[in-house]
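Here the structure comes first, spelled out in structure tokens, and everything after it is commentary.
Here the chain labels run A, B, C and D in written order, and each chain numbers its own residues starting at 1.
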Amino acid sequence: MQRFVNDPDAIVEETVRGFVKVHSDLVRLDPANDRVVVSRDAPVQGKVGVVTGGGSGHEPAFIGYTGRNMVDAVAVGELFSSPTAKSFLDAIKAANGGAGVCVLYGNYAGDNMNVKMAMRMAKKEGIEVLTVVANDDVCSAPAAEREKRRGVAGEILMWKIGGAKAALGASAAEVQAAAQKAIDATRSIGVGLAPCTLPANGKPNFQIEPGKMEFGIGHHGEPGVNITELKSANEVADDMLKIVLDDHDLATGDEVCVLISGLGATPVNELYVLYDRIESQLAAQGITTYRGFAGNYFTSLEMMGATLTVMKLDDELKALLDHDVATPAMGVNG
Amino acid sequence: MSTFANAGAGAIIREVAAVIVENRGYLSEIDGKIGDGDHGNNMAKGFGRAAERITDADTLDAAMMTLSDVLMSEIGGSMGPLYGMFFADMADVIEGKEQIDVRTFGAMLAAGRDGVVAIGSAKVGDKTLLDTLFPAVDAFCAAGDDFPAALRAMTAAAEAGRDSTLDMVAKIGRASRLGERSRGVLDAGATSCCMILTAMAEQTAKRLA
Amino acid sequence: MQRFVNDPDAIVEETVRGFVKVHSDLVRLDPANDRVVVSRDAPVQGKVGVVTGGGSGHEPAFIGYTGRNMVDAVAVGELFSSPTAKSFLDAIKAANGGAGVCVLYGNYAGDNMNVKMAMRMAKKEGIEVLTVVANDDVCSAPAAEREKRRGVAGEILMWKIGGAKAALGASAAEVQAAAQKAIDATRSIGVGLAPCTLPANGKPNFQIEPGKMEFGIGHHGEPGVNITELKSANEVADDMLKIVLDDHDLATGDEVCVLISGLGATPVNELYVLYDRIESQLAAQGITTYRGFAGNYFTSLEMMGATLTVMKLDDELKALLDHDVATPAMGVNG
Amino acid sequence: MSTFANAGAGAIIREVAAVIVENRGYLSEIDGKIGDGDHGNNMAKGFGRAAERITDADTLDAAMMTLSDVLMSEIGGSMGPLYGMFFADMADVIEGKEQIDVRTFGAMLAAGRDGVVAIGSAKVGDKTLLDTLFPAVDAFCAAGDDFPAALRAMTAAAEAGRDSTLDMVAKIGRASRLGERSRGVLDAGATSCCMILTAMAEQTAKRLA
């Protein structure tokens, strides 16, 4: 395992410590809980708080989206493991400006349970909490069971939209509705080319044979739809796009936001190669890419591979997408 | 009828923790086959930390609450809420008791099991720790008033329950996406649950008077 | 080779095409040369143009630093290979706002030759060109032969400083002086944990045995000072810092900018772990980290490892470092 | 005294390019040992593209200028300027000539060599392509007026020059940092230079009348 590690059990603590040092202009640590990263601006009195949280090892997700006009507070879990109910609660409290809090998180068993417990505790403390559960990962369950699908990089767009809506002074219910609309309009798919290793384990969780790829893989290496020959970048892009489009009701004239994220170890230039193809293929179908992102936005340690996320836009989503944002991982200057 | 003193029985939980810590690598390895490979790490961290905070004088319920607190406030994942509720709800039943008899022990186990179901909403056959927990608790309660025999029945049923997951297709959690590919591997949670119950049974049996 | 590739010879073209699509708010392609990426704002009449260029495969370097208040135009080379003299010339022309152009680039044989030829051609066209050659990589030559040292991630800070100075209306000579001052105040060191593969070759250029690391490695896998056992993150951080400090005249009370860059495949969280240690160790020596960066700022395809860059600051450098910048790879909101 | 016609001799460069393209993998492999492993790619791309733009009717100088243009405006790296100057400065010498004799050919080679030195500022013994180029050009010029013999002398000296880099320590370029570790490997540029000169000699010899 060729990695920079001290005690494997201390990685998250050290990561968060380094992170708040680097980004001290945008974020701070919750004084009550060192597993909660809070925007420098939060809580804003009268603004709906936006909270998320999830396992570590996906950096810059989740902490990197804390900041102005996006996420107010993030609960930080161990590597690939949901944060505690207490951390979700503390994040909710840190984000609470008296106008309610929306927890926008991904559909994983642990997160569901811990958010549920945190909500219960928050209610006792008089904080109104609404949730939206991201389920953009097309290959994690059939369309008929969308509620079973996992949340992946589409969460970023959900945070962007929800964060902008909250920044514009919307009510908790309106923020929830906007975030729900965003994730409902979003589909993602992942392709894995090489596995990743949790430092505490010292060896990969799963294998991908050289020359093969795992299509529809999850963010923790959850097995995908199938294992196929490793194809060319363009063929992979086309296959990914097909899965997304088949699940999506996109038509000529539609506008979308495209986000390509690397899984950690795939060179950044290859993400641009994929993006180039996706954008061209969408254009060939009369679909305009209104805004795009390509980079390591939501990783899985040093996994090789990439995810494609497509969000269908309308005027409201476009305006919210364009709204200024300043976070360590994403900056948009409207 | 044999019983054991609640006071000092917190040591049982320390022994349980020792078994979990010892099996850290094995549990992660099983989880890695159809999950994300961290079950042993999560478990060892939570149980290991709790063990450091449990003293020899602790009652069983105090030790269980310590463990539950650590799981819920420091570990997270699925194990935080699931085993957190398991031990919290068990502790509730025995809180304040001086001696614990076979009936109380059975009621305690049943409450813990119900806590897991309440938070996790899984069912027997989903290939989770419930496939160990349900038959084990049932076997204990069905065994009557012979405490040592009930503990032995629980252990045997826990092992059988754990092994039953080998041939199951996962219906919940990370592994459920695998469909048929999840068959042929033990469930990690069912395995850790079996270790917990077996260690509890062994340590409890030693204390019975 | 587990990678997203079409024709290995087309990677750079596809990368640049995808890049300008994603970042069309900040950059555009030079209509005369598809190996030149230009800031949307450039050329600014009366402003000194800032140009750089280098081989591809280091994304987001070099193209990612094109934009407002940083680099005006970038010449793009093949993977790990200097851009052509013609591309440097076209970048110079695209950046030229009539006040002269500063080419701020790294000390590599190919770049030196191609910039030299481009300067000759630019002079013929009446454009004043000044250069600064980055040589921050401590291990690439002894202190007595500083002029032989290569440029690595310290180039980013040189561009930041030079770009800010130009944005503030300085003359070409002043921009050159500020950039030179920046790079003179900067030292870097790289550590490699796993090699990278050029897609056209299909196998790694060099090997690093599991359990070992290459200390002082270059950005193209140029061999370092030595190969040692892979140490803990903190030990590696300490060793890197020692090399940098031994070569640098830092004293208690000094302020620095620290930049940790991943080489491509090292998980981002580990970069924060390294940063946390470096910042603490500097603090223990009475040296304050005025501003820090940690992320994949200057990569080498999917190499594993990281570079440490430390720039000693004075009031001028601090002000220039804080100046607003908006580029795909770096945003600073003053 | 034997000469060859400049018109149509552009085909020589196409043959040179074919050899380079064929040895793409080998040249990158050598470069990978002490450099960055792209020499074959850079060379094959430049020479390959140029070959497509050279016609059978081209003069040698026209073909050399085509190659030089591609190298300088499309390839970059070190090879763009180094071989770019090499072929441009050679082309200058023979431009407008109808027949090329042994003296002209020698002057052409010397001019190319000087172009490489002017842009690259390296010296013989630095472990670069100059270690092939210098002895080869010297041998050609020293061989007198027997054109075929001069070509053979050049080839032999180029090969010896290339092989001389095996035991050298690199003093310039990427490999120079290696110090003693750069010994024992051929220099990539010296190897490609030998291929170029050898192919040129072979193709030229065929054309001599």
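Worth a mention:
In this section, contacts are C-beta pairs under 8 Å (C-beta built on N, C-alpha and C of every residue); 3 or more make two chains touch, one makes a residue touch a chain.
All figures in this text were calculated on a predicted structure; none of them were measured in a lab.
Note on connectivity: the fewest steps through touching chains from subunit B to subunit D is 3.
When chain centres are defined as mean Cα coordinates, B lies farthest from subunit D.
Rounded to whole angstrom units, the spacing between the C-alpha centres of subunit A and subunit B is 33.
Inter-chain centre distance (subunit B to subunit C, centres taken as mean C-alpha positions): 54 Å. Shown for subunit A are the residues that touch two or more other chains, of which there are none.
Shared interface positions of subunit D, i.e. residues touching 2 or more other chains, are not present. Viewed as a network of touching protein chains, the structure reduces to a simple linear path. The chain pairs satisfying the stated touch condition come to A-B, A-C, C-D. Residues of subunit A that touch subunit B in their complex: 8-9, 55, 77-87, 108-110, 113-114, 116-117, 140-141, 148, 198, 200-201, 205-206, 218, 220-223.
Only residues 1-6, 11-12, 14-19, 21-22, 25, 56-57, 59-60, 193-194, 196, 208, 210, 213, 230, 232-234, 236, 264-277, 279, 289, 292-296, 299, 301-302, 304, 306, 326, 331, 333 of subunit A touch subunit C when the two sit together in their complex.
Of all residues in subunit D, those touching subunit C in their complex are 25, 28-29, 32, 34, 36-38, 41-42, 45, 72-82, 119-120, 172-174, 176-178, 181.
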